[in-house]
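Take a look at the structure below.
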Amino acid sequence: MSRYFIDRFSRRIVFIFGMVAFLILVFIAVFILKESLPALKEVGVVNFLFGTKWYPSHDAFGILTMVAGSVITALLALVIAVPLALGCAILLAEVAPPRIRNIIRPAVELLVGIPSVVYGLVGMIVLCPVIARLSGTGSGSSILAAAIVLAIMVLPTITSISEDSLRAVPIQYKEGALALGATRWQAIHHVLLPVARSGITAAIILGTGRAIGETMAMIMVIGNSPIFPTSIFQPARTLTGNIAVEITAATGIHESTLFATGLVLLTLVMLINSAGLLAYRRRA
Amino acid sequence: MIGLSPKLTQKLAWGFVWLAGIIAVLTLVFIIGYVLAKGLSAISPEFLFTEPKGGLSGEGGISSCIVATLWLIIITMAILIPLGIGAAIYLAEYAPDNKFTRLVRYSVELLAGVPSIVFGLFGFAIFVLALHFNYSILAGALTLVCLLLPFLMRSAEEAIRATPQSQREASLALGATKWQTVVHVIMPAAMPGIITGIILCVGGAVAESACLYVTMGGSAGMPSSFLSGGRTLAVHVFYLAMETNALDKALATGAVLIILILIINLSTKWLSQRFQAKMSGET
Amino acid sequence: MYHGMKRRLFLLPLTGLILAALVVGGCGGSPSGTLTEGGSTTVQPLTDKWGEAFEAKNPDVNVIVQGGGSSAGVKGCAQGTFDIGAASRELKSSETSDWPDLVVTHVAADGVAIVVHPTKSITDLSLEDIKNIFATGSNDTWTVINREEGSGTREVFEEKVMGGTEVSCNAEFLPSNGAVKQKVASTANAIGYISLGYVDSSVKALSVDGVTCNEANCRDGSYPVTRYLNFVTKGEPEGLTKEFIDFCLSSEGQRIAEEEGYVSIK
């Protein structure tokens, strides 16, 4: 076989390989949409999205409580994680001497690789009993437990992207500020952070996407109650947990509603991640 | 801040920033330390080589989980590696710079953000049910391929793009075809970076649980082939934690997982350093 | 030569890993018969034991057991994922109309015990009280533990205790008997329901209207919340499936059921 033939042939093969990821995405989106349609038609989009009762055996398919569960938990996780992550990012980018940096950076990176079930396990064993004692009742499975676990999980993501953004700020900006007599903190606060703002926003948005997509750790510590929680000590249910626990058993319209839940999840995460990608591309 | 001198503000800011770093490190140390401290003592040769009893007792070990995880990784990588590298080669070397390529790139980024349970939903409906693979390692592997593909593509493409343009040009100047250049010049140079990407994907596969929970079934027995169902180590931790009171076994399995992840992280670090040395050495 | 050598060095450990895995995975001898069972977590420990005993008698057989809940068992059986679907309830009308070829075989019986934490002083509740607790949901007195949608145990509980009143959504939902038992055993004011076969010293089973939940009372029907445990098959059981089910219904199989804390039916 001549090498020119191989060259032309390989072009076609490689093109097909290149399309696979694109095709998988399209296929997943189309498939989930198709499987959701029966539910959306029979239950109605408004009833489904804004219904407050999820009770499949009595034909109630409202996911609002679970949207609330996912969103509130993610937001609370961000409230905990973002200040810590920004602090770590500033520490790693500007403040810490190289020796310390070489300890903290790998430590933060290692947090990413730990399986989510391990976080859920430690959360169940250590965190939930503490929360149970604090709230006086219940088993400790709560939004608070879930938010803390999520915060630990998204911390490394937000930290590393923020740190990269801070480092990407041209050094002349900082030197200019220092030359004008600013303290290092003033330089960071008034020059570096504003310039790195879109990168940091991207980091936070991508962290949110990760938080909303988490499943197993949530099932272990959030209690899976399809209610609107009125306090952070109450249990709730996430969209992801709902799918995982019911998909192997659901039939008929119920099964279709779970695909519709997946569609909502997919849409939510894609919107969040697209916003994050856009912010990331606009960074310094 | 009004009323506070810049020096004082800086001291406070520095204090907060250091506190954040300490909290992050302490959290990591606590989680890993807790799991290893409580879990390592339960790890023994017996634990590693006995099957779990399944059901409530939590008795037995994790041998079938180790085998299931191994099988899963082998099958996933066997499909993922050629697919990921091929796609990366296309995007880095062959794709024209037009709207369609940008769309393809964008779809890879989007795919990377899809939650793993959505892959599980898809995998359950297609691989388990529609294609009749039933709850099996194969169904899990195919689902994992979809999940991990964007990540391998990113790493591989980065590694390929990092190879010096001069080498490409030299190869073509000597009369090699593009494909020959890719195979004999670019691939070997990009290998360390690609292998780092592969090892990271293995780490991702080991840590994954949601999509495998719904595609591999929950059977605790030893899988007899890749068409058998089973539990990976991560999924087993979930079952132990939820259904049994054998929390010591759950922590032990968690410890095994953490050790695996540590090995994987250290390998990628070592390989990245070699990659850097190679690049700076040769160029 | 340098490049070729690098590639060969890389392939060697990879091949070694694959070979090692194949050896460990035991691909040398595949069992002559594999029976896949899945579904009800109530039936799961029993099928585990039955499977063990059956495998001991028939060394070439591999019985694979998993959970997922009764509805997952019926669905799995109907769609061919399981040879036997285990259900701790009877078939629903939607299931019989969707899949008319499903055949149900009673293999044992079981009661649904109402359990609380062992330190709770309470020992008896009326059916009405239980219904009210579960309808109200979690509050300062009780933390209510419920099962997920596909649970056969929940179906039976809702039918025989709630009788049409809805269980409150303000409860913790867990995906298996084992998980409920775990949660009740570790939460001071929890109340939940699990299969009689799961009850042990880590939880306290309440008597209902004065009737203790035990095998005798479930067998004669004086305990109000009882059900058959069923194996569901696509069409009449045949071949390996039939052999296994026959074993479960044999005197040895039923003795195993008694030993495990379930109610034998033969």
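Residue numbering begins at 1 within each chain, and the chains themselves are lettered A, B and C in the order written.
Just so it is clear, a contact is a pair of C-beta atoms (placed from the backbone, for glycine too) under 8 Å apart; a residue touches a chain by one contact, two chains touch by 3 or more.
Model, not experiment: these values are computed from the prediction.
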{"item": "Chain B and chain A - chains in contact with each", "value": "C"}
{"item": "Two chains sharing the most C-beta contacts", "value": "A-B"}
{"item": "Chain A-chain B separation of Cα centroids, rounded to whole Å", "value": "17"}
{"item": "Inter-chain centre distance, chain B versus chain C - centres from mean C-alpha coordinates, in Å", "value": "33"}
{"item": "Chain B residues counted as touching two or more neighbouring chains", "value": "242"}
{"item": "Residue numbers of chain C (touch at least two other chains)", "value": "68, 174-175, 186"}
{"item": "Where chain A touches two or more other chains at once, by residue number", "value": "219, 248"}
{"item": "Contacting residues of chain B [partner chain C, same complex]", "value": "53-56, 67, 70-71, 74, 128-129, 132, 134-135, 184, 188, 191, 195, 217-225, 228-229, 242-245"}
{"item": "Chain A residues touching chain C - in the complex, by the definition given at the top", "value": "53-58, 65, 129, 132, 136-139, 141, 219, 223-227, 235, 237, 245-246, 248-252, 254"}
{"item": "Chain B-touching residues of chain A, taken from the complex the two chains share", "value": "3-4, 6-7, 10-11, 13-15, 17-22, 24-26, 28, 31-32, 35, 83-88, 90-92, 95-96, 100, 103-104, 106-111, 113-122, 124-126, 152, 155, 159, 182-186, 188-189, 206, 209, 212-216, 219-220, 240, 243-244, 247-248, 258-259, 262, 265-266, 269-270, 272-274, 277"}
{"item": "Partner chain B, residues of chain C touching it in the complex", "value": "3, 6-7, 10, 17-18, 21, 24-27, 30-31, 34, 36, 38, 41, 44-45, 48, 62, 64-68, 79-81, 174-176, 178-179, 181-182, 185-186, 198, 202"}
{"item": "Interfacial residue positions of chain B with respect to chain A in the complex", "value": "6-7, 9-10, 13-14, 16-21, 23-25, 27-29, 31-32, 34-35, 82-83, 86-87, 89-91, 93-95, 103-104, 106-111, 113-122, 124-126, 146, 149-150, 153, 177-180, 182, 203, 206-210, 213-214, 234-235, 237-238, 241-242, 247, 250-251, 254, 257-258, 261-262, 264-265, 269"}
